[in-house]
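Listed next: structures, encoded as structure tokens.
Presented sequentially are two complexes of chain A, the first with chain B as partner and the second with chain C.
Take a look at the complex of A and B:
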């Protein structure tokens, strides 16, 4: 069974699907609520301190905004540990969302750098695409289980 | 118990930078309460599209939706705090556009702030204090005349100033470099009182401002202890006789600079910050020292020179000074070097700070550096406007304090 990094890392649906197929989802598992009453769409579940932004220097230089580095201190280790990845592009906010576009670019770049099984899909826009979307994820996770 | 000032936070990145608790704490210290305007996911889609700024970061889309909720009255607030990561270009565009949008479409005071994981907590606190002051003390800030006998003290990072006023007239002044904060304050107060020919007991109300305002205010039992953003704005439009309509106040100080967009004497948008020492009065002090003149002589000297003849390779206080030294060694005149130093400071403030506020005429320069003609000239050239330097501009904080303190006279 594989450690699967998911993007958006906050997607509970993706996280659940990965777990149902016996893999370990690497995610931040923050629910995106219908009403946003926190500072950001995916406010950190952990107590983040200025130290996290410094730990993020491993993945992003000091000239990179502190918010990017703070996020990378969470997601950088997940990317390093992952053995497979599922990336959903242009996802609806309700599906799962990561607030900073610059971090998202860096995360996807780092995942692309790894030679691991990777599934990259666009978020479905209608029911037909939705069925294909779920089937593709199912197939990927099943095949991943067979190779691991 | 007074209700806390409700400050709506529009932000991207402070939680992941680990500084959210510092923002919360700064607001709490000045009687404010940070909250995040409640919007729904569907509002984000609708408002982001309506605003028309096609940013990619979802948290910036959320920020735009929250700003629109405030302006359209769907969420109530007393003030707005906009904070985004330093060095994020996308966020800087959003920060500027939202500041302008809120300022143009509402009466909410706004302050914007860009941060790294290390906040400069002093300037953060001053910004928060200014926000809560504007929200809570609009009536006090609307004061246009000084009544009775009042004392104002400005305990600044470089100099301490005191002013005694009686019925709209300045009758006593005191000024000296800040050494020991309390000692300097007592000395300038004594000087101002002596010049005015009155005693401390006769003073009906006292106001303090500047970095040492809390310490000095407690010591001299001040009626009003207030940050310098609102006080200096008030003092500037009062002395320049521009109390009505728009104005822009620029104060290049010894330790930090302030740029304030004012409407009817009340700050709407402001920035404050030590960009770096090279953009402060300190750089001009060092230049004067290197040229062997008093700081008071630097202005007239620079007006005889042409800064364009001296190549400045750096804005930094160390390397900038080195450029000036190299220019002198290569035969440049002291006048040209003085002018180049003034231009360097003005250009940095223009490039890095004035972009954050909407410049509206009249532009009023205040603070000790406003007496350096070369700096005022250079700023006027950059802004393409004639800068107003009111009388007593170096005492601006003390005048503003004395003016506002008269609102605390018991019979008033």
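Take a look at the complex of A and C:
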């Protein structure tokens, strides 16, 4: 069972596919859960404290906006821990302000820098593409399971 | 700043999203209540939210998947059901994060179709999808056609 980083990290489809074919999806929900189940200082809504922006310095320089560094404190450890990655490139749902957009660029850059098995896809736009999409993910994850 | 005391520590929360002509969220909720041993189950417009110990939630999810495996989708959630920081009952409007779910709900029928087809077909026989990183250059003959179309 491999740890598979998914992008968009909130994707229902990718999260389900990875779990369905026997691997562990690394999604933002698990990172958020860790924070909201840990006692500390109240920092609603996501319990992202000023400490997170400091932790984010590991992946982004100090002149990078705190929003990017705070987000990287969630995604950075997952990118380091992942053994494979599935990326959807045309995910409109992952749009956002400078913080989100730059974090997304940095996430993709860091995943590309890592020498791990990686699957790049676009969302399917019809049933035929849906079959190819599911087959590609199934093939990728089956091969991943065989090498593990 | 005030001290933060977390609730539901050590529990996991999962979304069950159903996109099916045969099963409704109410059907799933009834089945989940039948087999649940202490998990919190909340019915929503798109499916269920289940909170509890990891083994218990995984057991319920595995049982629910059996009802319609190609049309039931599952993902993790960070917050427990009804959390005031996320619940739309407190905030008004759509729950933050629902927009992403709503977008993927439009694509899920294609995924369900793919899963159904691959139940009876080897995935190795299906051609790979187009590589999104490849950006094909514009063919010169196509460019000429475009130019002539503009001029005429």
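Definition applied: the second predicted complex is superposed on the first by the 123 of 148 C-alpha atoms of A that agree within 3 Å, B and C clash if a C-alpha of one lies under 4 Å from a C-alpha of the other, contacts with A are read in each partner's own complex, and residues count from 1 in each chain.
Just so we're on the same page, contacts are C-beta pairs under 8 Å (C-beta built on N, C-alpha and C of every residue); 3 or more make two chains touch, one makes a residue touch a chain.
Computed from a prediction, not measured in an experiment: that's the story for all the values here.
K.L.:
Could you say whether A:1 touches chain B, chain C, both of them, or neither, answering first, second, both or neither?
P.N.:
After superposition on chain A, A:1 lies in contact with neither partner.
K.L.:
For A:65, select first, second, both or neither according to whether it touches chain B, chain C, the two together, or no partner.
P.N.:
It touches chain B, and chain C stays clear.
K.L.:
Determine, for the superposed model, which of the two partners chain B and chain C contacts more residues of chain A.
P.N.:
C
K.L.:
In the overlaid three-chain picture, which partner chain does A:81 touch, first (chain B) or second (chain C), both, or neither?
P.N.:
neither
K.L.:
Between chain B and chain C, whom does A:19 touch in the aligned arrangement: first, second, both, or neither?
P.N.:
second
K.L.:
First (chain B), second (chain C), both or neither: which does A:53 touch?
P.N.:
first
K.L.:
Using the superposition on chain A described above, determine whether A:133 touches chain B (first), chain C (second), both, or neither.
P.N.:
second
K.L.:
Touching A:100, do we find chain B (first), chain C (second), both, or neither?
P.N.:
First partner only, chain B.
K.L.:
Once the two structures are fitted together, what part of chain A is touched by chain B and by chain C alike?
P.N.:
Of chain A, residues 32, 35-41, 43-44, 93-94 contact chain B in one complex and chain C in the other.
K.L.:
Over in the complex, which chain A residues touch chain B? Could you list them?
P.N.:
Interface residues on chain A, with respect to chain B: 32, 34-41, 43-44, 48-54, 63-71, 93-94, 97-102.
K.L.:
In their shared complex, at which residues does chain A touch chain C?
P.N.:
Within the complex, chain A touches chain C at residues 8, 10-13, 15-17, 19, 25, 27-33, 35-47, 89-90, 92-94, 120-127, 129-136, 138-139, 142.
K.L.:
Along chain B, where are the residues that touch chain A in the complex?
P.N.:
Against chain A, the touching part of chain B is residues 9, 11-20, 36, 38-41, 44-45, 55-60, 62, 85-88, 90-91, 115-118.
K.L.:
Which bits of chain C are touching chain A when the two form their complex?
P.N.:
Going through chain C, the ones touching chain A are 1-6, 8-13, 15, 17, 73-79, 83, 85-86, 96-97, 99-101, 103-104, 107-115, 117-118, 123-124, 126-133.
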